[in-house]
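Several structures are given next for inspection.
Look at the two complexes coming up: subunit A is in both, with subunit B in one and subunit C in the other.
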Partner chain A sequence: MAQVLPPNVSPERFSKALDEFAAIIGKEWVLTSEEDRNTYLDPFAPGNADEHASAGAIAPQSTEEVQAVVRVANKYRIPLWPVSTGRNLAYGSAAPVLRGTMVLDLKRMKRILEINEELGYALVEPGVSFFDLHDALRERGDTYWISSPAPGWGSVIGNALEHGVGYTPYGVHADTICGMEVVLPDGDVVRTGMGGVQGSREWQIFKLGYGPIWDGAFTQSNFGIVTKMGVWLMPAPGAVANVVVSLQDENALAPLVDTLRPLRLNDTINATYTIVNPYRAIIDDARLQGQVRADIYSGPGVLPKDVIARELAKRGKSPWSVNFNVFDVREAGLDLRLEAIRSAFGKLPRVNIDVQRWRAGEPRPGWARVDPGLFALGIVDWYGGPGGHMNFAPVCAPIGSRVVELYELIHRRFVEHGLDCYLGMLNSGNRGLILNAVMFFNRNDDDLTRRGRELYARLAAETAALGYGDYRAHISFMDHAAAMYTFNDHALRRLNERVKDALDPNGILAPGKQGIWPAGLRSFRKTGDHS
Partner chain B sequence: MAQVLPPNVSPERFSKALDEFAAIIGKEWVLTSEEDRNTYLDPFAPGNADEHASAGAIAPQSTEEVQAVVRVANKYRIPLWPVSTGRNLAYGSAAPVLRGTMVLDLKRMKRILEINEELGYALVEPGVSFFDLHDALRERGDTYWISSPAPGWGSVIGNALEHGVGYTPYGVHADTICGMEVVLPDGDVVRTGMGGVQGSREWQIFKLGYGPIWDGAFTQSNFGIVTKMGVWLMPAPGAVANVVVSLQDENALAPLVDTLRPLRLNDTINATYTIVNPYRAIIDDARLQGQVRADIYSGPGVLPKDVIARELAKRGKSPWSVNFNVFDVREAGLDLRLEAIRSAFGKLPRVNIDVQRWRAGEPRPGWARVDPGLFALGIVDWYGGPGGHMNFAPVCAPIGSRVVELYELIHRRFVEHGLDCYLGMLNSGNRGLILNAVMFFNRNDDDLTRRGRELYARLAAETAALGYGDYRAHISFMDHAAAMYTFNDHALRRLNERVKDALDPNGILAPGKQGIWPAGLRSFRKTGDHS
Partner chain C sequence: MSVHGRPLASSVLLVLAALPAGLGAAEPKLTARQEQGQALYRSTCLHCHGERVWGTFTLGRRLGANNALLENRTDLVRPYVEAVIRKGVGSMPPYRRTELSDAEVEAIADYLSRNTRAQ
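Up next is the complex of A and B:
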């Protein structure tokens, strides 16, 4: 593979920039060999990973080094793509949107700067993973728990910035952010909230600060590089239960959603729930047993109805189920919650309710999904390895009829494009629901990945016309997802790009991230607008 | 009083602008008579209200009218100060920072556009007050409760934007915001979050949207005019208790704070608490009985120690107390919370714990402070009428020793400046604490108001040096409060003003709000920087 250069940068200028980067952080942390560059390719790329090849990577070790690197990037117009641990799997991993961007790899910045047990927060750097924070808390006696997404090697900062979800009352990770240190695209450094006060000891305890609240604007954006972040931690509960409600009725989705909604709204269910569709029930179980698709079905098209019915029966699974944890400070409080939950779901036909319990002092069980794990990743080899996956994940209000309508459309399109419709519905906070439709593919099967890409683009266009928006997108589809936000001829994108140009006049920070392009690179935008 | 003009605008140009405003919204809604202008003066001004006199007011009735008004304001460089209901009492009411700004009075926009009982939210316009929303919910059967600040005639939008606090689990009002419609300073209109999708039905149920989260940046700011806002509503609880813990020990503040902290952190106490100091205990009780200061004490300086002791005893009050509500979906759940609360506070010496209870079906009691009220305003006549007040309100972590240190400094300075130190500590969310020190004055007593102003400036400078920041400020002191945010030579203000200039190049929107000045008007900034 030949050298990859940033757009509009000559090999000579690029070489000068690399020298200046090396002068700041040391030659060994400026990585441009083919071997190095390959490690930053998306291992789950839906198509040719080279479309998002980086020009290399730079790995600074401190905020000051990040500032200095950013200044050099401005001088030579080298675009930078910050990654924390680079594990944004299904969304591009460590790879940039724009080919020739340099990865700004922050994984060497991995200090846990503070764990405050009086006030329940941690202050961390980008390279701190869920495993790291979890272990540090365990060592201190387990008085606080973290909320972790399915794979635990991701960055606490990166996941919160990308709007990730976990399975505890602190499961909306963006909501657990309290105070950031951010290097702006010109190299200036700002602290948000109370961190704006020199010497503040309130940086991590009060989100609002004085004046505009900035934390949210630095998530899913390319306005700045977050070099420190406060994250709120959950006081260890007194008791936890895991509840699995399984419904044998094929048409159980609407009543399931309508039963969950009031329980989640009044916080009786006080953590993220996951609704599992029939494909997911089968595929999760099959992969757990080491099976791939060919072990179950090798005919044309998606798994047919009769195969689905047979496999569900064989595996003792239901077409629809929901899985969630319930937490309480007190065991008797947990009893009250479970009583209300059993009573509500008990009214549904052909229902089974499984409850497992834990109380303080007992060893923590795997079912709670509150400890970081790696299980979820084995799933991707459903079509045989090397597998990959990407997600289409529109937000839907948890109203039974509405969810069914959107689900049926997504399912129909999966069937038409010949992809098994592996889908989980993750709730977000007390009111939100994300329909996470996963497109698995085998990276050696060009036809399959092509169909997946076409499916994504079609779903984005069709559901946008119905008023839906995707909450997160793979680097290949960030423009498509942004294009769903059509109100007032894409006013939100105009606002984003106006602020982008003000903060990043040279367009060096993560061009194209979330569909936000700096003025000089807007011709790289991939998709026309649906409206 | 002569005509008041915006800075750098001739009477002729101003007159032309007024004609164009009138052409858009009707002559009767362009208000520039002296009588009209007087209604927009701060009735509680700490000094000469004319320092913040407006040039008049404009009252549009729709988003489209706001957009058209903003475009004319740009053409003639007329600064606009948006107010919702204009009840930002203690912080300037409806008056602008910059003399000669025109008030953009949004109180005619007072539609409740939607109340969604399935998902627990309302979509409101700026003129909707807490009373309005409360009444609308009552009419529908009281299945959702609002969180109201002490005076209920304020705007639901205005209070959330200014980071107000209420007394329920939804008491951090900025956290209840979900989705905004915002007219930008150039007249463009944007909807945040899922509202970015044309026809979205998820605008009020998912805060994160796709890309940067903007809602926070439009609070306490001058980046846009919020014309619609989603607000999350609390499902009616099954049971509520009000708890008052009174402590006879003069040194009870630290143990009180340290006992509250873990109970609030794990959400056993699941609503805002208010700690009351001795002055506040006396003054609240005295004003309730129609007494003013002269009825109690008329010697020199602040209330002396012996008078405080006597008045507390006479009124059956304690030097320190805390007041809060506890909510639960289920009565038995409330029992568990109260048991934990009694057990924790029962360990403190010379303690009294008063509990009042309510259960679903009973008439709602006044003590809960969940219904909007007007009581708080009688307080301001402590020094005799016409009274006024303003607040110094730094944020402090709820650690007993730290709170005592900050409180004692504030108290000492109040004594030195000869003002009674009426102070409540309001918690904000699970981790924050705001020390709200109220400076009462009599508006006819120039010496008293002067001392109050000097006290504010001194406290801001001194506590900033210790790492504290104010969370909100009166229009006369917005620059002082902003100046407390010293990190990296005021990097936060640089960021704010950079975005300000990008979005508002003509500097027409609320110049000086929260200390954020547009490029052309920065010479009006009041205070040099402490750092």
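Up next is the complex of A and C:
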């Protein structure tokens, strides 16, 4: 494979920059061999991974090294794409938006700097994974629980910055951030919130600080490199229950959403729930047993209605269900919550409510989804490997009629493009609902992958016209997702890019991330706007 | 996004508990490097290569049930294991040098190839 270079940088200039990087962090951590570069490609790329090939990676081990690397990057105009653990699968993994960007791999910065058991927080570096934090808390007797996304090798920092989700009351990970240390695009370093006070011991306990709240501005952004972050931890509960509500009625979605809403709003249900559609019920169950699509159906188009009905029946699943955990400090509290939940859902027709319980002292069950793992990734092989997926995930208010309208449009488009419509609806906090529609593909099937890409672009344009926006996007679609935010001729993007140009005049930090391009590289923006 | 809410072996401990009983009991003593490889394998790889999980299912389909569990294999050679770790295979993503050092990759390969004759 030919050498990949950053845009507008000559091989000579690039090689000088590499020498200077090596002088800072050591030659062995400037990774530009073909084998190394390939490990930074998107392994689940929805198309040609080379479109997002990096020019190599740089792996510093301290904040000071990051600062020095950033200064050299400015000098030679080498764009940098920071990743913490770089396992952002389904969104690009470690690969950059702009081909030829260098990955700034922070995996080697992996110290847990503090676990404070009096105040319930941890201060971590980017390379700390959910596995690492889980193990450290286990050693201390699990007095605090983490909230982990399904795959455990991701970064506590990287996932929170990406607005990731877990399945406990602390499941909106961006909300658990308290205080950051950030290297700015010019190499300066800043601490947010109370961290702005020299010698503060309150950095991880008060989010507001004094003045604008900057933590949010460094999430899903390219304004800085986060080198330390405070994360709030959940005190171990005394009792937890898993609830699965299954509804046999094909039209159960609206009443299901409307029943969940008040229970979530008043925190009776106090963690993330997932509404599961018929395809998802079948595919999850099939993959858990190692089955692939061809074991069930190999005809043309999406799974037909009769196959769906047959497979649901065979697996004891219903067309619609919701799955969540409820947490309380004591069992009596959990009883009250469960009573309210049973009474509300009991009013729906053809309903079944399954409850499992855990109490302090018992081993933590798998259904609590607190102990991180990796097996969930196997879902990507639905069409037979080598697989992958992308998500289209618009945010919708949990109002039954609205959710049904949006769902039906998404479903119809999946059918038209011939992709099984695997969809889960996850609440984000007490009021938001994310309709996470997953486009699985087989990477050897160019036609399927192409249809997935076309489907994404079409859904983004159509649902934006209805007033919806995506909450997160794959590197190939960051411009499409940003273009959904149309108010006042994309005023939000203009603001983001004004801030970008002020903080990063040379445009070296993650150009194109979240559709935010620096002045010198805006011609790389991919898409026209939907207005 | 995830496979939700089933009582599954999601922690390392549970995955370990699912290993066939007595595995390793009749084997010759491991070298120090193989021991290091074993520990790394179990903390890093077993999430996908334990009983009844993704990697094991996929390998079972491709190579037959007897060859599905990597720790039981008698045909894995060191360079192949090293190449799979660094380059990935099928849907298994590769491991970067910042995640596993060359020495760690060698230790894992040493462990998984311990029962293979004539390398």
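The rule is short, and it goes like this: the second predicted complex is superposed on the first by the 531 of 531 C-alpha atoms of A that agree within 3 Å, B and C clash if a C-alpha of one lies under 4 Å from a C-alpha of the other, contacts with A are read in each partner's own complex, and residues count from 1 in each chain.
One rule holds in what follows: contacts are C-beta pairs under 8 Å (C-beta built on N, C-alpha and C of every residue); 3 or more make two chains touch, one makes a residue touch a chain.
It should be emphasised that the depicted structure is a prediction, and the values quoted were computed from it without experimental measurement.
Of the two partner chains, subunit C is the only one that A:424 touches; subunit B does not reach it. Using the contact criterion defined above for the overlaid structures, shared-chain residue A:380 touches subunit C, although it does not reach subunit B.
Contacts of A:112 after superposition: neither subunit B nor subunit C is touched. Shared-chain residue A:5: touches no atom of subunit B or subunit C.
Within the superposed three-chain model, A:22 lies out of touch with both subunit B and subunit C [touch as defined at top]. Once chain A of one complex is fitted onto chain A of the other, the partner contacts of A:136 are absent, as it touches neither subunit B nor subunit C.
When the two complexes are superposed, the chain touching more residues of subunit A, out of subunit B and subunit C, is B. In the superposed pair of complexes, A:348 makes contact with neither subunit B nor subunit C.
By the touch criterion defined above, A:215 lies against subunit B but remains apart from subunit C after alignment on the C-alpha atoms of chain A.
The interface of subunit A with subunit B does not overlap its interface with subunit C at any residue.
Only residues 118-121, 163, 172, 174, 178, 184, 188-192, 194-202, 204-221, 223, 232, 235, 261-262, 265-268, 329-330, 332-333, 336, 340, 395-399, 402, 428-432, 464, 466-473, 481-482, 484-488, 491-492, 494-496, 498-499, 501-503, 514-516, 531 of subunit B touch subunit A when the two sit together in their complex.
For subunit C in complex with subunit A, the touching residues are 1-15, 43, 47-48, 52-58, 60-61, 86-88, 90-91, 93-99. Per the touch definition, subunit A reaches subunit C in the complex via residues 29, 31, 35-36, 38-40, 43-44, 57, 59, 86-87, 89-90, 93-94, 105, 107-108, 127, 131, 149-152, 165, 167, 242, 244, 274, 276, 284, 287-288, 290, 323-325, 356, 364-367, 369, 371-381, 385-388, 391, 424, 426, 436, 438.
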